[in-house]
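The letters A, B, C, D, E, F, G, H, I and J name the chains in turn, as written, and every chain counts its residues from 1.
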Amino acid sequence: MLSKKDVTELVYERKRQAGLSWASIADGIGMSEVFVTSACLGMNALPRDKADLLATQLGLPQEAGVVLAEYPTKTWNRDVPTDPCVYRFHEIVGVYGDTLKELIQEKCGNGIMSAIDFDMRVERVASPKGDRIEVSMSGKYLAYNAW
Amino acid sequence: MLSKKDVTELVYERKRQAGLSWASIADGIGMSEVFVTSACLGMNALPRDKADLLATQLGLPQEAGVVLAEYPTKTWNRDVPTDPCVYRFHEIVGVYGDTLKELIQEKCGNGIMSAIDFDMRVERVASPKGDRIEVSMSGKYLAYNAW
Amino acid sequence: MLSKKDVTELVYERKRQAGLSWASIADGIGMSEVFVTSACLGMNALPRDKADLLATQLGLPQEAGVVLAEYPTKTWNRDVPTDPCVYRFHEIVGVYGDTLKELIQEKCGNGIMSAIDFDMRVERVASPKGDRIEVSMSGKYLAYNAW
Amino acid sequence: MLSKKDVTELVYERKRQAGLSWASIADGIGMSEVFVTSACLGMNALPRDKADLLATQLGLPQEAGVVLAEYPTKTWNRDVPTDPCVYRFHEIVGVYGDTLKELIQEKCGNGIMSAIDFDMRVERVASPKGDRIEVSMSGKYLAYNAW
Amino acid sequence: MLSKKDVTELVYERKRQAGLSWASIADGIGMSEVFVTSACLGMNALPRDKADLLATQLGLPQEAGVVLAEYPTKTWNRDVPTDPCVYRFHEIVGVYGDTLKELIQEKCGNGIMSAIDFDMRVERVASPKGDRIEVSMSGKYLAYNAW
Amino acid sequence: MLSKKDVTELVYERKRQAGLSWASIADGIGMSEVFVTSACLGMNALPRDKADLLATQLGLPQEAGVVLAEYPTKTWNRDVPTDPCVYRFHEIVGVYGDTLKELIQEKCGNGIMSAIDFDMRVERVASPKGDRIEVSMSGKYLAYNAW
Amino acid sequence: MLSKKDVTELVYERKRQAGLSWASIADGIGMSEVFVTSACLGMNALPRDKADLLATQLGLPQEAGVVLAEYPTKTWNRDVPTDPCVYRFHEIVGVYGDTLKELIQEKCGNGIMSAIDFDMRVERVASPKGDRIEVSMSGKYLAYNAW
Amino acid sequence: MLSKKDVTELVYERKRQAGLSWASIADGIGMSEVFVTSACLGMNALPRDKADLLATQLGLPQEAGVVLAEYPTKTWNRDVPTDPCVYRFHEIVGVYGDTLKELIQEKCGNGIMSAIDFDMRVERVASPKGDRIEVSMSGKYLAYNAW
Amino acid sequence: MLSKKDVTELVYERKRQAGLSWASIADGIGMSEVFVTSACLGMNALPRDKADLLATQLGLPQEAGVVLAEYPTKTWNRDVPTDPCVYRFHEIVGVYGDTLKELIQEKCGNGIMSAIDFDMRVERVASPKGDRIEVSMSGKYLAYNAW
Amino acid sequence: MLSKKDVTELVYERKRQAGLSWASIADGIGMSEVFVTSACLGMNALPRDKADLLATQLGLPQEAGVVLAEYPTKTWNRDVPTDPCVYRFHEIVGVYGDTLKELIQEKCGNGIMSAIDFDMRVERVASPKGDRIEVSMSGKYLAYNAW
């Protein structure tokens, strides 16, 4: 029985052998880079038809499509990530967490930005002083219930 | 000697009494909401003239301007934030951290998005299915050195 | 400037002096026991008119109404609670967490039960073998986005 | 010698192959969904006859029945769960833990809700604003001894 | 408003000044040493009449009786106690925890020893090879529910 | 080379196959239930002759006797145990730790109860309100040295 | 009511003002440096007469003698000490802990070195390659009980 | 390629089979018990000729000599050791850490005892009240630099 | 599919067999010791041509070159390193961290030293009082953005 | 009695009022910037004459000189620093820790770089691509003892 982790390894292997990018894999099934990458890393579930299409395009066994469509148990190892590229985002949450809360609640009221009804984009933006990365998150505003 | 924390309390007090928003405070000194809020919360340093202007506009003691312009020691209490509005961003880093790394490095090479040469915006976006929060981060791409 | 914590202490003091129950305090402002208690403990914000009414009924200073209506920063001290009455709920999440996930996702799809659009009731139920506590939680189902 | 963990994997495998739901597995042995799911996940012990029946119905080896009836050592990996669906319950305990204690003790006296003499139900409830999940817990009230 | 902690300090002060033992304080109100000591340390609630009697006998302010009868929030600072006298009990739980579980469940079935419907005694027992401490715990057996 | 852990698994296997209780295994070598169980779980060393006898009676390989008599390195995984049956003892140490210290030192002087020169019994005691578990610990009093 | 911590501060103050060494303080009451220092730091209890003598010699209030003779609750803040002088001992326990166990048990049998019936000396020893510190610990061997 | 851990297992195996003591192994290569034991446990590097001699005397493969002479990466699993024999030393560092610092610095100045230019002895000392363990540590005094 | 970890093991094996130093391996590909060593340990990515050259020179399989050029996920196990040689650097950060911040910001303004656009050298320097290690770090100054 | 922390606050206050730099304070007493700054932050002890000179030059009370010359207990709050400027050094230790160990031991033998017989410099170095920070550490090589 293939696990999510097994499928992630298979994707990495095929991606390296075929010299594919995440962008091309995502394009191949008509979904966004962020979502498809996270699904291949075992952190999201692809719709079943997209999962099957991805498995076919990468030449994975059919069972891989089933697995990619399963609902994942999202898990990570450490509260403070060590890899510098990931740590910087942890740092941003530490430095700007209370600011985000102040502004979300000033603009919308007592509530939060959903991390479930959520999407994200990552882009490279050319700039004369050195290119920049732009990360755009969008989540539905959810108001606290009072009862 | 006023501390960063003392000034944060003074700002909150004046803000509540005068019924001000972070948006209006930021506008008053011609800087962005995110940056000004984070500086008022002690997580960034305002340029000295902006700091003095903010102190004047809020009717804070002159020393507050000095303090708002000092370089902060950024500190937070827990690796896993408890407030739900902040936790959701921690969760996003946990769920999408490796995805961010994959895509940043696919688009730019072996490196990271800077959290120092960095800016961020928070906006409310109307939507028929319920308004959304949009958080846009932009950081300079920094390539790892090889020597 | 009164803090949430100061108001909690004032409520406890008045409650003890006047021999009030949480039930009667909640009834006095026409809201539920769970919500009113949590707001008095600083974990939720009362609607402004309810907050003022509560302050009046308990004989608290007017500022207490302002504070009770402010959006709280929800915080707790330890991941594993020590008090036995609270720990048992931590244990339930540990023992039944994966079961809850399996059943929520079997019944609704890939998503979660919201802890924001959420309400809860606590009741005592008589039983010949010894009375029971019934805790009923209700949260909106939120489906993961795919994009 | 099969372990609890081995049996959990066997159940998952059979469940996927046969396209079964937890609801149907529980119905098949005449017990509740929550209890049967938790037992299949290794967190509770089925009565021996139910365990054998479940093993037979799923086509598991006979030893699986023995294992499902054994008393488990309940264990989990992290105090703060990472999966969003489980984390929300952790958050509820953090936000409402002291409220639960206040109300249980107001209604019953100095004591706790048992997590041992305990049962739970999970249901989906249709609602015009979006379906809701209802989780109902019932535990025996236990009074602290004084001696 | 006196807190549990204030009353603990008052008891220690009176106990030292009057040269009292926990044994005599407990005898004075006709309850056990363990229970009365734990209540004075803020970890249990005395019945109201006993609390008032204890306050009178130690010459504490009347409010102390109210506080001693309040339901405590039981809390401790570290999972691993540092004081050697307390640590040894932590060690015993580490070394013998699984043994206790094996024997309790062999003798009674799938369940636990209650720490709520519970009492404990501590005694010194003379012995030629050196006196011994005997700690006797008694808790109601609670069987897991199956539903 | 058999490890302590290997022998524990062998004992469990034989115990299940032969339907043995810890009580009967302990009786078989004329030692107490608690001690023999803890030795089989790798937390104590049996005297060599008892270890050989136990190996013979359970039909274990001869090397198992050697291993059961070796001095163990006592180790456990988490400071806060998760299994409810074990956790309750952790809770008792948290709630009553300081009380135990007060009473041991009141009865004996400045010192501790040894966890090395130590024994323990577990018994089921019938009671009209529900059977009880009694755990009796006895450890030598050790006085702190002053020099 | 003076606490152990208050007395420690008083001792430090007097020691600095009078230019005293721990050696001379210990000599003044005829006990060892290590023991007297640890008692002044709140980690051991002086015999009552020695405590009174020390208080008199340092010119402390009479109550300080009472406090120095009280049985301390030994507590420290972090499992890994940060001060380099203390950390090196933590490191020694990490590096040589298992070695100590092997040799103690090879020389004496299944047991431990007591940290209660224990004494320690610290000395400076001249050496041509640079002076050395010698720390000598002596603790009673305690054998594990088998029952 | 043999690892340090593999060699430790080989040593234990040979030691058990041949009924050797650490004392005799150390004598066999003319070095101290503590050092040789710690090297066999992977916490120190033997000089190459001693390593080869030890390998020959125990009948280990030649590669074991290479490995025993390699510089180890010293690592341990938990900051608070669980085994009682090792824990007591952790406790001694907790209780006497500040005392050691006071006395080392009183005798030598601002500095530390080295844990690198360091040696240690463990001995059993007969005593009418019960034999004692003596642990003697000697480390070079290192003065802090000021520049 | 070879992992970074597999390649590290292969390098160690070849290095030991051929008696190579890190210095000679680095020289062989014309890069610095620190960078090449860190890349071989899986903490940096070699430029592809250098990676292939290194693989050839050490006689590693061709795939090793691909792996050495892949962007690593940098990870470590514990926040407080245990090996004494590594711990000393952790201690330096603890003792001098705030000093580094004061001086970097005094010399350059509100910003940090980059750990990405970064290089480091390690050298042995002869000295009459005993040789010294010199570690020289150089990182680009990055100024915080204000917007 | 002034504490190290009090003196740090006094230095900051005088430094701000007089507009002094750490460089000028260090120059004023003829010692290095890093050492003087760390001593003012409570992490090192100034020689007594330097301490008095510093106190005089900054116009601090005479007692401040005594305190600056006292041997500090070095302490920090978190193993993982949060301030970005300090965290980068923590990250460097994480990423390059094993590399440092490999190279130190290749160049010198089995030992470490001392953090006690240690000095450090921080400099700004102009560079056309952006100025750089250079941090140079020098510590005595200490060889492990074998005995």
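Everything that follows uses one rule, which is that contacts are C-beta pairs under 8 Å (C-beta built on N, C-alpha and C of every residue); 3 or more make two chains touch, one makes a residue touch a chain.
For clarity, every value in this text was computed on a predicted model and none was experimentally measured.
Path length between chain C and chain J in the touching-chain graph (shortest route): 2.
On residue numbers, the G-H interface is repeated by E-F, which shares over half of its contact pairs, out of the options C-E, C-F or E-F.
Rounded to a multiple of 5, the C-alpha superposition of chain C onto chain F involves a rotation of 180 degrees. Chain D and chain E, compared by their mean Cα positions, are separated by 32 Å. As a whole-number value, the distance joining the C-alpha centres of chain A and chain J reads 42 Å. Look at where the CA atoms of chain E average out and do the same for chain I: the two points lie 55 Å apart. A separation of 30 Å divides the Cα centre of chain B from that of chain C.
Counting partners per residue, chain A has 34, 44, 73-74, 76, 79-80, 82-84, 91, 94-95, 98, 101, 105, 111-112, 114-116, 118 as the residues that reach two or more other chains.
Working note: touching chain pairs come out as A-B, A-C, A-D, A-I, A-J, B-C, B-D, B-I, B-J, C-D, C-E, C-F, D-E, D-F, E-F, E-G, E-H, F-G, F-H, G-H, G-I, G-J, H-I, H-J, I-J. Interface of chain A with chain J (complex): residues 80, 82, 84, 87, 91, 94-95.
Against chain D, in their complex, chain A makes its touches with residues 1, 66, 73-76, 79, 115-116.
For chain C in complex with chain E, the touching residues are 9, 12-13, 16, 80, 82-84.
Partner chain C is touched in their complex by these residues of chain A: 31-32, 34-35, 44-47, 71, 73, 98, 101, 105, 110-112, 114, 116-119, 142-147.
Chain contact summary for the complex, chain I toward chain J: residues 21-23, 33-34, 37-38, 41, 43-44, 74, 76, 79-81, 83-86, 88-108, 111-115, 118, 120, 122-125, 127, 129-141.
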